[in-house]
Amino acid sequence: MIRNALIGLMLFILGSAFLTLTMGFEPATELNRTAAYYATHAQEEVGAQNVVTAVLITWRGLDTLGEVTVLFLTAAIVSLVLSRSKAPKGASGSGFLPSGELLTTGTKMLLPLIALLGAYVMANGHLTPGGGFQGGAILASGALLMLLADPSRRFGHKIIHRVESASGLAFVGLGLLGMLFAGGFLDNKLLPLGQFGALFSAGIIPIVSVLIGLKVGAEFASILESLEETEDA
Amino acid sequence: MAQVSLLIGFTLILLGLYGALTNRDILRMIVSFTIADAGVNVVLVSVGYMAHRTAPILDSAVPAGQAAARIIDPVPQVLVLTAIVIGLGVTALMLAYAYRLFRLRGSLDISQFMDLKW
Amino acid sequence: MVSSILILAIGLGTAFGLGLLNRRRAVLALGLTLGALGLMAAMAVGWLIVLAQGAAPVEIYTAGAEPPFAINLRMGLMEAGAITLITLTGLLAVLALRTALTRMGRGSMAVVLVLIMALSGLVMTRDVFNLFVFLELMAISTGGLALLSKDIRAIAAGFKYLIISQLVTILLLVGIIFTYHATGSLNIDDIPETAMGFSGLGLALFLILIAVVLELKPFPANGWALDVYTAAHPGFSAVFSAASGTAMLVVADKLVKAAGPDWFAMFTLLGLISFIGANIVALRQDNDRRLLGYSSVGQLGLLLAVIGQQDVLGEGYLYVAGGLVLSHAVAKAGLFWMSIMVKARGLSDWAAIRVRPPLVIAFATFLAMLTGLPPFPGFYAKWELAQVLATTDRLPILAAILIGTLIEAVYLFRWFGMAMKRETDTPLGPKQIDCMVVLITLAAAFGLGALWGDLSENGNLFATVPMLAALFFLALEPMPAKLKNGLAIMALVYWFAAHAGVYDPMRLIFLLVMILGGAVILLASFNEDGRRVGFYPPAMLMYAGLALLLEAQSTFEFFAAWEVMTLGSYFLILRGKQSEPHALSYMIFSLGGAFVLLSGFALAADGVTPFPLSALSLVPEQVAPWVFALLAVGFMTKTASVGVHIWLPGAHAEAETDVSPMVSGILLKAGLYGLVVLLLAMGRQSLHGVDLVNVLAWIGAISAFVGAVLAVFQEDAKRLLAYSSISQMGYALFGLALMNHLGWLLAVMFVINHYVYKSMLFLAVGGVYKRTHTKLMYKMGGLITLMPFTFVSVLVGIIAMSGVPPLSGFGGRWIFYNAILETDLRLPLVLIFMSGPVGFLYLFRLIHTIFLGQLKDENHQIKEAPIWLLVPQMIFVAFLIGFAIVPGLVLQRVDRFLGTVFGDQPLIWHGRAVESAFGNWNPVAIMVVIVVIFVTLFGILIAKNHDAVKVKQFNIVFSAERPYRPETTHFAWNFFAPYRRAMGFMEMPLVTRFWGGVSEALSGTAEFTRKLYSGNGQTYAVQVILFVVTVYLIALGGVA
Amino acid sequence: MSSFHWVQIPYALLTLFIVLNYGLIMTAVVQKIAARVGGRHGIPFWQNYIDLVKNFAQRSKITHGVMFYLGPVFRLAGGVGLLLFVPTIYGSTWAQNFSFAGDLVLALYFVFFGTLGMALGAGESGHPHAAIGVSRGLAQVTMAELPLALAVYAIAVQYHTLNITEIVAAQQGGLFHWTLFTNPLATVAAMFAFVGTMMRPPFDVVLAPQEIPIGPPTEYHSAYLALMQTNRAIFPVAKTVIYMNLFFGGASSWGEFAIKVFALYMVSAFIGVVHPRFRVEQSIRFFMKWGVPVGVLAILMV
Amino acid sequence: MKDIDETFRKIDATVPLREELRPRTVTTPDGQEITIEPLKDYFCEAAPKVHPKAYFQIVENFYNWARSNSLWILGFGTGCGAIEMRPLMTPRFDAYRYGVQWRPTPRQANLLIISGYLSVKTLKRAIRAYEQMQGPKYVIGLGSCTINGGMYWDSYNTIKRLDDYLPVDLYIAGCMPRPEALLHGFIELKKLIRAGKAEGTNRYAENFASYKAAQKSVIKDWDMPDYNW
């Protein structure tokens, strides 16, 4: 009780700090210089309609690479963490009742749609809200659906890892190519910007988006798979 | 408006922290942290919010020329994207650990894992 | 140079690419990992070289845009150094972790690569949010790599770590976004030029900084980190400590630089608390890895404090911080890697490394490095730091740093002592590669030492002949001891011959005693057979320190020599059988004294580098007394003056036979030399109206008396001699403190005499010990007939020492009387007078209980001491007699020299006789008269009693009974029982109790404090929040 | 400063001879006086000579080793040396002995020469009682000598010299020039030491005849004992001479010498016959409580 | 003549050597095993010698005169007679004036007074004390007990005739003799010494074997070397 009160007190003080921040906060009325730069240069420098994606993949591309790496790491570590309590092949999932007809059939119907949606979101990241992460997540939701429909199902490990690795390598490779042939690491002008607003435009953004999407999808799938393959699953 | 969402965000953070610090169950702690993460994300987005403006997409509604005057700050959105993904990664990792810890002791009470101390 | 972003790209690319390999090709994956890390390291080294040659820092832009719009990286000298360290640590860590990594598969290798990549990114990036991303990468990969350990507790540790990461993330993100809001940029370089005003910027920066500080595991909010250290694979702990720590320090540095000098104070405070707190808690630690963890926490705290002090460090900042970081990182990594080979976790289980001398050397090196001892970078850094802090009047900070270092030295050297002296059941599990990793680290340690010395503006220890000679003996270790001994003697004699001509008489005396005297004592070492591993390097290190001490012209050289000598002698003393606790207390007191010296020198220099010793006389009046007091205390620690004397008896008594005379006969003189230098330069000083020289005189007198009385009550022969040294040094100190010509001459007499007879007596007692295997005097007795030569040397020794004419001790007393007649210090004299006859008591006891009285059963067939122990003794006997007859040969020159110092000439030398204002002394006449009388009387007695029947030991009058056993007939134990009844109150261990209380208090604090670390991850989280809140409140108060 | 001439040797031997006889007779007389105080007749005043001869004439002797031989030699050499390093008669050309060799400091420290040798010889005998006696003697002397050291310092400062002859010279010119009157504190302090080191009651537990049969010399006999007896005659006189020179104006003739030495000697004898014995720790405490403070006062008042 | 009636003795057989005098094995500090024979290693084994007189008779006479005037008595009271010796130190008798003194240690004494009856147990101590005195040394038997056993003549545990065991120079008869008798005894002893007839020391050395035989015949638990130096 004292402990909780103490925690409460501390959080109160922390909250008062936050309150100070809030009270002192005045929403900006103008874009600050960074944002203004992005807003004005998104078109000619990046050629992406979606400024967020433009920032995400080009100007802050290194963050995005890091972000992908976070997922990569998580996938790798989750598989390391859980590898020790991995169930023998075929043993996991056997404890569950088979999924119902509805789920199985629904899965079969939905999967292509999900994949399509994922691909669309990925490819159109530079034009509309969305992008590699979102697309990858949608793809992974497909994988989740499959697992729900058939708990004893196994994905091809190799394929997932290959996809993951290859897309990651390609991402890094693109970045390096940017250093060689354009203005720097992950420079967007490696490819021509194309027509503003078209699908194949905005330099390498669509490619990177797709790579990210594939990688994120693969990583999520890999995490799900690791979780699924434990003894208790 | 911005203040309100900020306050909500901060409240979420504090609630999450309170939950994480008072619940001894590991899963509840993880959930609490997720709440706190969400709060952080709310805070991030709120800071970028500007009244009477639109999303930073330069489509027909917002011509590139007027962008600076019409769109809200895209940067917090970028950041929140990244933050979400990272938060997700950490949560997944914590869950995996939680599972392993559960396998170790058959319990999810964090006070069971005090072999290392002093 | 290739773009440094390639370092990141290679790491990342390889990590991604590993997934393409076949799951079973683990070895190939390992090779690739190593290759990638090697490449990264090579690039980093390339950059380091280029930048070190003066190239300008390079900015790396990404996305083809300029900052602050795109993320940019910077490669400067600091970054290059840090990345070199990080990648090399990573490379070696992978080697050390190879089995665990292959077991866990390519995924784990990818994690390692990502970690190293992330750390490099952390170092280089100039973008706050990018920093956050790398930080998260670091946190996640750290959480994952904790799993490499076979210790299942590592999982819990990893989870605790993740909990804290979450907290840090929250704080950091909130801080980042508000900073962004305030500055309109995510670029670190834009923070200082806050374009848009926002009242919350300070708070936002606080959140960012505190998050970074939390990643540096500040005490006391660091239980999670310690658990990781304890449970993780040590190969990884090395990375966690050395590489992650370094990276976070660079981050802290660049952030606080951006945030501005207002935050320096917070960093300093938190750093110092962490440094001292962690070190105190470590005192009670008995798990090696956890101990290293605490030490890491402490070192990071120190560096945090240094970062906080960069405002005053100025240009030297990189040198200081770099020196400390490198020392910490290299040493800590090396120790963690060594712990892979040690299979059990107790501190004393490190005894296993004794089978491999190179590992012992490595262990010693790493500890010396951590404690900031020469010749390693930390030493130079600490010197610089002290200079600056003293110059800018930040003495409390300096004091805190030194105290923290001292506490750290306590547990580190205690550990070393345990490793050297205890036994373990668990054998070493050495693999060639593990050894290699450690040895590479060792080489790095020496390399860095040389580098830092080279960069130092004060001179490089590696460029001095004695130091190189000492290191050369390290290489000679496989040779037989006799050869090494010959070489050592030759080296000392050569050094003496080369310098005898150029020194002034005062230094010449010390040169004579320390170097030539050292060579004479080394003659005794011919007695040892075999290789005698571990003797010559420390011995030569000690002699190197002494030689350099005499050579020293500047305070730095002096201090460096002082530390070298201390280090060497510590290892020497530790060689004794029972010497573990005593060597430790020697080390602690020596280091404590050295730190006091350091402060004194720093205070005196006031920023001038190099500061010549002779310039001590020019120290401004208001600081001079303080400098004087500090230096005097430092030197008196070495001369074991009362109050700081408790280390001496054990250290001298438990050392090896030929080491005792070195540390007693020679080493103590270093303190006297320091005092001579000090008094020559500074003269009388008074503080608050108290003449400090008079205080010295009092301390000297009390030491002389207390030392003598305590010596009377010892049962252990070597302890007796050791206490006697305290007394004798007290005399010399008193002589110096008289501050007149004759007082100094007296001190010089004592320097020579004490060296001679104390070395002689220690060798004699050592010889007896060799034969009887005991140092307890009451177990000996009656050895006179069996060990006649040893008896003669002890006899001559005690006659000389007690000051009875005609031997040379009398000269000392005569000068003493003449000296005191010129002084106004009357009261301390009483003590000095008292200690004279008391000295007689213990000396008599020494000779009586060992050589006279009853021979014991088991000693009936023992032989005279080994010849090589006798040779130096006989040289000393000859010297004592010669010096007694013609003291002028040595003294006259010193006398003339002192005349130039004090401007008077109180002694007039008539041939062999001396005359003072008060009396006269004719050594030759005294000797002749006494010898003639003695011989005459002896002749009469022989004429009468030549036919006496030689009886045996039980043929004594025993009240008409006969003795039963020699043990019950030998009156030896508690020999001065009546004296004890009268003066026993002197035995009350006040000083011991005081220091014991200090150590109890510290260890009690440690025991109490470490209970904070309950092991509960949630509690740790609470502590972190509590920490943040407390710092916030304090900072708030600071702002308000 | 004078230097050595060969003629000093016969002169010194003459002094030695006089002092020896004087010492032998005086100790007997003192003993006789003590006996008379007790109502006895006492020993004949030549008894010491007879005992000396008898001991020299012992036919059988034993030895315990080299130091056993050297002990008495040290002892007597200490006594003789002490005498010869101190000028006996002030103003006399021939009774200056070898005092040019050193000064007061030499005399003070040479006192220990015999003590050390004796202790070593006694130790060699292997007899526990000898060792006990040595232990007691040394323990007691540490404190008993202290007032003397302080007093010597005090008068050295007073007269600004350590040269005994000069100290005596400074006291010439009448009774009230003696240190006794010019520096009574130092004199009192020194007398504490004098009484304390004369091996008479109350400070003679060192010898404790029946408990530890006379302590250090318990194994000594025959010529060894004879040497020590000789010393017993010379050493106290030599020591008294020092006190006499330092505090009581010295002696300018043998007559004055005889009277002053006898008087001083009688002081310790007188105290001896009327006081019971101290244990060692008692005497140490006694000197600490009384002797040393007086000495300290003496050096502070100079 | 048998001094003590064997039938009264409790122990017939020879008593084995005391434990502390038996050879023992000890380990040296170096780890060797060595044997210590206490009687050989701790006690001098030499037999007493007959000491010649001074070469010149006149010197010997002078010496004897000195010896006679410097009788140092060992303060050792064996029996009730010891009480009669004490008054000699008092003002009434004052033996000091005759050159008689008491010494606490046998080394320095040259006159041993056996003051009364001597039990076998004390005899051993008396022998040791006598042998530790340095010659020339003298023995006075005090009281009839030392002459013929006196009132203890049939005791199972006292010796009857001291002369059998130690070379007595002079007996003083009486039970007990008064101090005046003792003084007279001293004067008689002085005469003997001056006449050169008090050569008990040499007599003891000459007849060492027979003295020892006699001593050992009564002292069954002989636990010392033959001659106590």
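A, B, C, D and E label the chains in the order they appear, each numbered from 1.
In this section, a residue touches a chain if its C-beta (ideal position, glycine included) is under 8 Å from a C-beta of that chain, and two chains touch if they have at least 3 such contacts.
Fair warning: this is a prediction, and the values are worked out from it, not measured in the lab.
Under the touch definition stated at the top, subunit A and subunit B share these contacting partners: C.
In summary, the chains found to touch both subunit B and subunit E are C.
Each step here moves to a touching chain, and the least such steps from subunit D to subunit E number 1. On a Cα centroid basis, the chain most remote from subunit C in this structure is E.
Across B-C and A-C, it is A-C that has more C-beta pairs touching. When chain centres are defined as mean Cα coordinates, A lies farthest from subunit D. If each chain is reduced to the average of its C-alpha atoms, the one that sits nearest the average of all protein C-alpha atoms is C.
If each chain is reduced to the centroid of its CA atoms, subunit C and subunit D end up 53 Å from each other. Centre to centre, using the average C-alpha position, subunit B and subunit D are separated by 98 Å. Centroids of subunit A and subunit E (each the mean of its C-alpha atoms) stand 116 Å apart.
Taking each chain's centre as the average of its CA atoms, subunit C and subunit E sit 70 Å apart. Each of residues 60-62, 213, 218-219, 222 in subunit D touches at least two other chains. Under the contact definition stated at the top, the residues of subunit A that touch 2 or more other chains are 3, 7, 11, 14, 18, 21, 25, 28, 32, 34-35, 38, 60, 63, 66-67, 70, 73-74, 77, 81.
Shared interface positions of subunit C, i.e. residues touching 2 or more other chains, are given as 129, 133, 136, 140, 143-144, 155, 174, 178, 181, 186, 949-951, 953-955, 957, 1022, 1025.
Counting only pairs that meet the touch rule, the chains in contact are A-B, A-C, B-C, C-D, C-E, D-E. If you check the complex, the residues on subunit A that touch subunit C are 3, 6-7, 10-11, 13-14, 17-18, 20-21, 24-26, 28, 32-35, 37-38, 41, 45, 58-63, 65-67, 69-70, 72-74, 76-77, 79-81, 83, 161-162, 164-166, 168-169, 171-173, 175-176, 178-179, 182-189.
By the touch rule above, subunit C contacts subunit A in their complex via residues 3, 5-6, 9, 12-13, 15-20, 60-65, 68-71, 104-105, 107-108, 110-111, 114, 118, 121, 125, 127, 129-130, 133-134, 136-137, 140-141, 143-144, 147, 155, 174, 178, 181, 184-186, 195-196, 198-200, 203-204, 207, 1022, 1025-1026, 1028-1029, 1032-1033. By the touch criterion stated above, subunit B contacts subunit A in their complex at residues 1-3, 6-7, 10, 13-14, 17-18, 21-22, 47, 49-51, 55-59, 64, 67-68, 71, 73-75, 77-78, 81-82, 85-86, 88-90, 92-93, 95-97, 99-100, 103. Subunit B makes touch with subunit C in their complex at residues 13, 17, 20-21, 24, 26, 29, 33, 36-37, 39-40, 43-44, 47, 75-76, 79, 82-83, 86-87, 89-90, 93-94, 97-98, 100-101, 104, 110-111, 113-118. The part of subunit D that touches subunit E in the complex is made up of residues 35, 38-44, 47, 50-51, 53-54, 57-62, 209-210, 213-214, 218-222, 225.
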